[in-house]
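Alright, structures below, take your time with them.
The two complexes that follow have chain A in common; it is paired with chain B in the first and with chain C in the second.
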Partner chain A sequence: MRYILPFLILGAMPAMLMAQPDAAEILRKIDKQMVTESAEATATMVITNRRGRETRITSRSWSKGETTSLVEYLSPAREKGVKMLRLDDVLWMYTPQADRVIQISGHMLRQSVSGSDLSYEDMVNNGKLLDVYDAAVVGEEVFMDRLCYVLRLRAKENVDDIAYAQRKIWVDKSRYLPLKEERYAKNGTTLLKIFEIREVMKIGDRWYPKEMYFKDVLANGQGTRYLVDDIKFNVDIPEYLFTKAALRE
Partner chain B sequence: MILLKLAWRNLVGAGLRTWLNVLVLAMAFILMIWGKSVVDGMAYQLYDAMTNIEFGKGGQLWHSEFDPLDPLTIEDAHAVYPQELAQHIATDDVATILVRQGTIYPEGRMQTIMIKGINPGQKVMDLPTDKIVAGSTGLTPALIGQKMADKTGLAQGDLLTVRWRDAGGTFDARDVEIVHVMNTVVQTVDKNQIWIPILDLQEMSDMAGQATMIALNEPFEGTPSSPAWVYRDLDFLLRDTKELITAKNAGGNIMYGILFAIALLAIFDTQVLSIFRRKKEMGTLMAMGLTRAKVIGLFTLEGSMNGLLAFGTGFILGSPLFYYMAVHGYTIPGGMDDFGMALGNTIYAKYGAGLMLGTTSLLFATVVLVSWLPTRKISKLTPTDALRGK
Partner chain C sequence: MFRFLMKGMLRDKHRSLMPTIVVTLGVFLTVGMFAYMKGVMGDMLNNTAQLESGHVKITSLAYRSEIDVLPNDLAMDNGPAMMAMLQENYPDLAWSERIKFGGLLDAFDKNRETRAQLGVGGIGIDLFGPNAADRERWNLESGLRAGTLPQKPGDILMAEKLAGNMGVAVGEEVTLISATVNGSMSLQNFRVAGFIEFGIPPMDRSIILADLNDVKRMLDMGDWSSEILGYFPIPYYDDALAEALRDTFNVVHSDPIFMANDTLNFSTNLDHDDSIDRFAPYMMSMLDDSNMRDYYTYVDKAGSIISFVMIFAMGIVLWNTGLMGAIRRYAEMGLRLAVGESKGHVYRSLLVESVGIGVVGTVLGTIMGLGLGLYLQEVGFNMGDMMKDSTMMMPTIIRARITPTAFYIGFFPGVIATLLGAGLSGLRIFKRDTASLFKELET
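Up next is the complex of A and B:
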């Protein structure tokens, strides 16, 4: 028997190796779920301040590819009509009260939107993880009753303009959704932001977040929930919608 | 000489009427000197503070992309030091400043700030940058202004988490230690910013040997060798402040004009009344051999003496006020620095020879003119009609 055991172990190794997931493949599957060719959605952002007071902002958004998107606030009344248009690295913001279009770029893209835990960049981001991160599977854990791969992501060396140099993500093993993310500063130790998917929905054959949670760890407050009320994928969106001129309409 | 004696006797003889005119004119004179000296003092304090604290006596080199009024330019406004300043940089004869945007979280509240890196040994700007040395914690030392400290609740010895983006756009964060809180009247080096050693900021931002601006002790001769840099002299840097002072002066001049017009009207009125009521006196003077020109001269002299008396009275009555304003100044409740002006809480009046002589000469010339204008009627006067009071 003692002579057979090593052979059994050796024989089982290919199967064990096959079971070990490929981190890049996991990222590719996440991107397939999360990144959309085009989408039209209605969502509600619920900002809870440190005293527990809630502010709800409803918005409608259109996105095309990874770097083109438009968000329009529908409510409350004081925010209604505010639009944010992202074209590549530049964000244009229109405020109806001032009837002006202003450019937001650089550090301002990382500023909080309406006092929430989301930055302007978070609001309009639709980029692929695989393009900017090298990943490694560092373990498996159960998160929110779902078995997850735990991945450590590090920014690729040749990639510029990436907000978070390191991330740790918990990926649902069967749905390939990143149920939790810890986003770190470049020093690798300072945790900057936490992202969670608290509820999911299935649209066609795609799993997609229904409720997301963002928390700027350095700031006070109880975080921001982002609820997707309605979303349609692969819709036809007129090109003119993604122009500065259309912001005033 | 006889005209002078006669004019003086007539003036003193008019009694209360003369002293009322003199008093009104003296008040206008005092208010004019006071107002102008306060604006001059304000301008002096502004230029002095901004030159010594914010800009440096020789102006500044700016990165060509840099516009302090446009935060969008800050991200790309950094370049390697110009070669021709290498010697001055090595000896800290210039202040090298790198500006980046960042975020701090005092008491958990997110606040966007400017992180300014500066060589701590610089001898250009009147800032306590020599205090920016690492303390016992070994953390990056940071200097903040009192306004910033008041707004954020930070104090010396506090630790503060700072978040920023490096040259590649990636977030990084570290704790810094507030090693000193400075008192300064220049809000542009205080509000919404922290000062740290430039070497630390260069390392944090992956921008070794780079700066956004360089403050100079001496004016820069010629044009920088690198197109990344442009020279901004003090005329350029102080342009907005000079325009503000010009606007203040213009606004003040309108007020002084109205005030002085009232005083001059009193003299003009007195002169017109004198000429109407003293026709017989004029006729007598002419009959006794005085020419028309001399009679005109006498009446003009009388009017002008109002001015001279007013200046004397003004100096006597106004001196305590002028002295107080120059020594103790005018304290503004709340302070002008709350409005972004580098003045502090007190404005000290400044009296230059130009202000005193200029204002006095202008006022005296106007008094002479106003005294002379009504006397032109005398040139048409015939002595016989005048003797009969016609």
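Up next is the complex of A and C:
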């Protein structure tokens, strides 16, 4: 019997290896769902301030690749016409009230957008997790009735100046959507933000979030809901839309 | 006898002139320093009242709990109704609304691209309304260094040094970048009507003044009010008056549940009781605002200690003058005793002389000290060069202040110390042995 045991263990190893998912592969599948080549979307941001008053901001956005995007606010009236253009690492903001284009950089990128729990970085980020983080699977849990992998992500050594140096994410095992994220500062213990996908939709063969929830742990508000009203993938977007000159149009 | 003493005093300069000069100088320094100390303290309080906190200040409870970070999103609802109520129920005080905020001031070129950008502190005051008393409170007319005062909505005043640092000219359009009370980024263009010098270095480096309604519009505040300041019709801060008003106002108008708790644990009480109306008004006295009470107590104590040391030191000097005077006249005392004058009479005449010298010196010293105080009160002492890098909210011109106490404070060292000195040294008169007086006089 004792001679058979090693063979049994060896025979079972492929199955054991199959049961242990590859964290990088999980990230690749998440990126495939979440990162778009190009997209055009309409969304509503529901912000509840410290006085318990709710503000709804609707916006239209266009994105191309991972580092080019444009967001235009459609309502309320005070915000209408405000645009945010991201070109590589630079973010430009245009407000029709002042007819000014202002560059937002450095620490301002991590400021709240319109009093929400999203930062400007959160708002325009379309980067791949796989390019930025090393990941490890740390367990499996059920979240919102879905069986999830639990991954711990750490920023790669060559990645500097990143908003969230560490993340813990709960990934739907069959849809590969990060249903919950805890986003941490560099020390790995200071929780900065909580992100949840509360409702999903299927567009073609892609699962995509329909309702997201952001909570800035350091802020006093009640969190921000981000509702994707409509989204189209792989659309043709004219290049001129992503220029500073087009912001004033 | 009196004539004899007077003649003696006047003819002997060492008995009259020198002690009187010493007493005069001592009292002059005491009175002058006292007025100066009072002036420095009073200037700081007046500046704080005029520019920062009023004699009393009303905010919402929630705003008060985070007042250091200027939480305009926690301002009081329905500011106009609150102002009307205050003017009706407390007509003796002048009421004035303020909004303080932070932001970036952006100067741009002809292509509307950023040319210079600096962090600024913004203050919204009533520049055009019926309560434009703030123009006088801020001394805008005399502080104006270039351009004009704001003429219409959309005009602002910039601190002269701030404008110099940014290279902004009068009449130029600039963009103020701030955040609305909902947290949205707000960009608003303003015309720089003029440059102003506040005379307070930290303000001269970073402050812009705008009309209250422009600021409300920019911050999307509607009719909310962040801070309402109240001024008693007296030119100085009276803590007892402010505290009495604060206590009665809060009992009547603030949240009763909050007021029933220990209001010292402000944030704790507010955060842990949902039944409290967080936006109910709350009045604080000037010294409650920004923990100034501790500072005031500290400065007041320090001022008292300095005054005491000054009076004590002068007392020692003048006491010594009395001692020296009496010792120097050792032989004279002996002679007077030898010719039959009683010891008690000699001692009393010594005391009378010292009181006379003390009174004359004190009156002269007080007049001179008050003169110096009056000069420093009217003209002031310009410390601008020394304070150019200062971050303290202090005016560059330090002024003295003559208070009723300044009229009599010199009498303590001037008369009492001189009298004590003479009295103590004069006690030796009673130890003189009459039989050996002539023997002593021979030497």
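In this text, the second predicted complex is superposed on the first by the 237 of 249 C-alpha atoms of A that agree within 3 Å, B and C clash if a C-alpha of one lies under 4 Å from a C-alpha of the other, contacts with A are read in each partner's own complex, and residues count from 1 in each chain.
Here is the rule we use: a residue touches a chain if its C-beta (ideal position, glycine included) is under 8 Å from a C-beta of that chain, and two chains touch if they have at least 3 such contacts.
Here the structure is a predicted model, which is why all the values come from computation and not from measurement.
Superposition note: with chain A as the common reference, chain B and chain C are in steric clash. Look at A:Ala136: by the touch rule set out above, it reaches neither chain B nor chain C. In the superposition on chain A, A:Arg50 makes contact with both chain B and chain C. When the two structures are aligned on the shared chain, A:Ser116 is found in touch with chain C, with no touch to chain B.
Within the superposed three-chain model, A:Leu147 lies out of touch with both chain B and chain C [touch as defined at top]. In the superposition on chain A, A:Ile203 makes contact with neither chain B nor chain C.
Contacts of A:Arg100 after superposition: chain C is touched, whereas chain B is not reached.
Superposing on chain A, the segment of chain B with clashing C-alpha atoms against chain C, chosen from 184-192, 202-210, 292-300 or 382-390, turns out to be 184-192.
When the two complexes are laid over each other on chain A, chain A has residues 50, 103, 111-112 in contact with both chain B and chain C. Partner chain A is touched in their complex by these residues of chain C: 73-74, 106, 108, 112-114, 175, 177, 179-180, 182-185, 187-189, 220, 279.
The touching residues of chain B, counted against chain A in their complex, run 71-72, 74-76, 100-103, 105, 107-110, 112, 161, 163-166, 168-174. Residues 47, 49-51, 55, 78-79, 93, 95, 97-103, 111-116 of chain A are the ones that touch chain C when the two sit in their complex.
Contact residues on chain A toward chain B in their complex (touch as defined above): 50, 103, 105-108, 110-112, 155, 160-165, 185-187, 190, 192, 216, 218-221.
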